[in-house]
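Alright, structures below, take your time with them.
Both complexes below contain chain A, partnered by chain B and then by chain C.
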Partner chain A sequence: MAVKLMIVDDSQFMRALLKKIVMAEYTVVGEATNGIEAVKMYEKLKPDIVTMDVVMPKMDGITATSHIVKRNPDAKVIMCTSVGQEEKIKKAIAAGAKGYVNKPFQGPKVLQEIKSVLTA
Partner chain B sequence: MEGEVNKLMQLKYMGDVGAKQAIEFLSMMLDMDVDMKIAAVNMSSIHSIPEVVGSGEIVALYTRFNGDINGTMLLLLTPDSALKLSSALIGDFPDEESEDLFNDMQKSASVEICNIITSAFIDVWANTFSIELTHNPPEFGYDYSDAIIDKALGDATKTGEFVVYFNSTLNIINMDINFNIMLMPDPGNLQTVFDMFENIDYHA
Partner chain C sequence: MVKPKILTKIKAKYIYGLDMGATNPKKWVLGVVALRSDAIILGNSGIAFPSIDNVGQQVPKQITKGVKNYLSLSHTDKGKKIMTIITSHPKHLAKLERNILLLMLHSKPVIVKHPALVGGAINDTSTWDEGRLAFLKDKKSGSEKIVVIKDSKDNAGFLLDTIESVELEQRQVKKNVQSVMNIKHRANNETYTSYLTANNKILTALMRYLKNHLESMGLVPKSNSLMSAEWSDKDLKVSDMEEQILVALYSEISSLEINTMLEMDVNELEKIYERLIKLGLLSLVRVRQEVELSTKGRTIVNQKMKVKDEVDKPLY
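Presenting the complex of A and B:
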């Protein structure tokens, strides 16, 4: 059965780029543009895995992850952070994120992290 | 005079290192050969910006940076250059109709370029001076230069002092795209930068 992936990023370009990276192996079931949308969309779609941007309008990715994981303790969320944001990675892990990838994205690393979180 | 030249050389050095970092980030993200060069650095009064960029329509990508140094960073380029740049990035992504010169995907791609170049420059400054610096998500503007500079810099145009220009070229897919990077520290912050240069131990 196809693995359902949800992309959360306020940048249309970054969503398209991520989709291009993952589409050969995963089914992108939803795209959210901020944290509030992500929390609602997660409950509706129940994806197998989520890629979550950190800096977004309305609600940031760390807060959204915290909300999602509180309601769904098994939720698999991978944070997408810019290089040099180690503090944010620590906060995201504390909020329940299971992994992270650095921006700018490198396709193989993104796929490797998704696979590793899915099989953990 | 010698002091001024030294300051410009130090700023050029920071620009060169920032460009090198930006090349690394952009090549990683785009999986393409990318080159970026800083041709020259100049420092001038903030009121000279319209003389540098002209009075026609321009594209501005701008963001605030905050921390131990505060200010605004702008990338200014002609509409034609912005279209070439965004098209190079978008590649085979689905095209979308728009009544405006720039569609949402083109704006988003341009903003991401600004994000990467700003991150590269800010990382270099933060690492060189061992300081904390963060930046906000950049914004896209397309308008006449006076209007856009007012919008991008806000109150800083009334209170700001100096602007540092990095005349830059980005080469993607054999296209040379010229643009200006403008770093405009908030009042008093440029002196903080020069004081920090004094304290760098280049032998460490």
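Presenting the complex of A and C:
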């Protein structure tokens, strides 16, 4: 069965980029542009894995992750952070993120991280 | 006792032993600056390598008035912090600085985490390892290489030609937060980020060494900042669209698929590629031809399919 993936990022370009990277292996079931949308969309679509940007309007990725993980402790969320956001990575892990990639990223490494979080 | 070896000598003018913070002009001395394996000799004065605190600090304009290129050395003499300035032909100065930095850095202890990131993903298996700096030539490529000879595991190596950027930042190393050099480099078609730290003197000297190298190669713009050697937004004269294209290529999206991903006209994209090539941000790998069938080609395809259809036709 196809693995369902949800992309959360306020940048249309980053969403398009992530979609392009993952589309050969995963089904992108939804794209959210902020944390509030992400939480609602997660409830509705129940994706197998989520890629989550950190800095977003309305609700940031760390808060959204903690809301998602509260509803589903097994939720698999990968944070997409910018270089130098170590503190945010720590907070994201505390919020329940299972993996993280640094921007800019290389496509194969994103796929590798998704695979490793899915099989963990 | 082994007599120290003289490595290079240059004709230069120098001011030895300026008080730190001095602004009054002093007379330049014309003479020979000799680089020995243990010290820099300027006439009757010498600066032993262990006494050098910093290389390349800015000097007040009043002192360097009329001098375009100079190399400054901050050092300690009998407990007093002083500065020596040397001026010569830019090529000689660059070589002298490089050799001074190499002698300051050779075999010095560092701590390295290599690689900390691979292609943007965190490498969970890497640890902070102690080692010593060595500067070698890579056997395969002939390029200059910095190697950290580790006490424990495999050595960590960075080919200078593959370093994309270096930056100093505050980062946790074992239990302490300290200045760490973030080195982004390429190996085996992947981007690695490695962290390296040492005492301030070593870290500053290594930063200067790498910055000089990247600037001389034209890989980063010249700047006075010793905090980083990388492109800043100010230096980058690229549009948002061009930036997106660069990020997509970094993420290994095929250059032939970017127009579809960004929903843009292929001719417009090609123009952008041309500009980015001119700026030296892209390199041309291959020019592909876009083709369509001619009438003759269509006829041949129809004919071939007809023949194939007859051959493949079931017998019953």
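Everything below uses one rule, namely that the second predicted complex is superposed on the first by the 120 of 120 C-alpha atoms of A that agree within 3 Å, B and C clash if a C-alpha of one lies under 4 Å from a C-alpha of the other, contacts with A are read in each partner's own complex, and residues count from 1 in each chain.
What we mean here is this: contacts are C-beta pairs under 8 Å (C-beta built on N, C-alpha and C of every residue); 3 or more make two chains touch, one makes a residue touch a chain.
This is a predicted model, so every value here is computed, not measured.
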Mind checking chain B and chain C on superposed chain A, clash or fit? clash
In the superposed arrangement, which partner chain does A:F105 touch: chain B (first), chain C (second), both, or neither? both
For A:P73, using the defined touch cut-off, is the partner it touches chain B, chain C, both, or neither? Pick first, second, both or neither. neither
With the two complexes superposed on chain A, say which partner A:A16 touches: chain B (first), chain C (second), both, or neither. both
Using the superposition on chain A described above, determine whether A:E113 touches chain B (first), chain C (second), both, or neither. second
Quick one: from 44-52, 62-70, 170-178 or 188-196, give me the piece of chain B that collides with chain C in the overlay. 170-178
Can you pull the chain A residues that chain B and chain C both touch? 13, 16-17, 20, 83-84, 103-107
Would you pull the chain C residues touching chain A in the complex into a rising list? 117-122, 169, 171-172, 182, 190-191, 193, 244, 247-248, 250-253, 257, 261-262
Report the residues of chain B in contact with chain A in the complex, numbered from low to high. 25-26, 28-29, 31, 89-90, 93-94, 104-105, 108-109, 111-112, 115-116, 119, 123, 126, 137
Interface with chain C, chain A side, in the complex: residues 13, 16-17, 20-21, 83-84, 86, 89, 100-110, 112-113
Chain B-facing residues of chain A, complex: 10-14, 16-17, 20, 55, 57, 82-84, 103-107
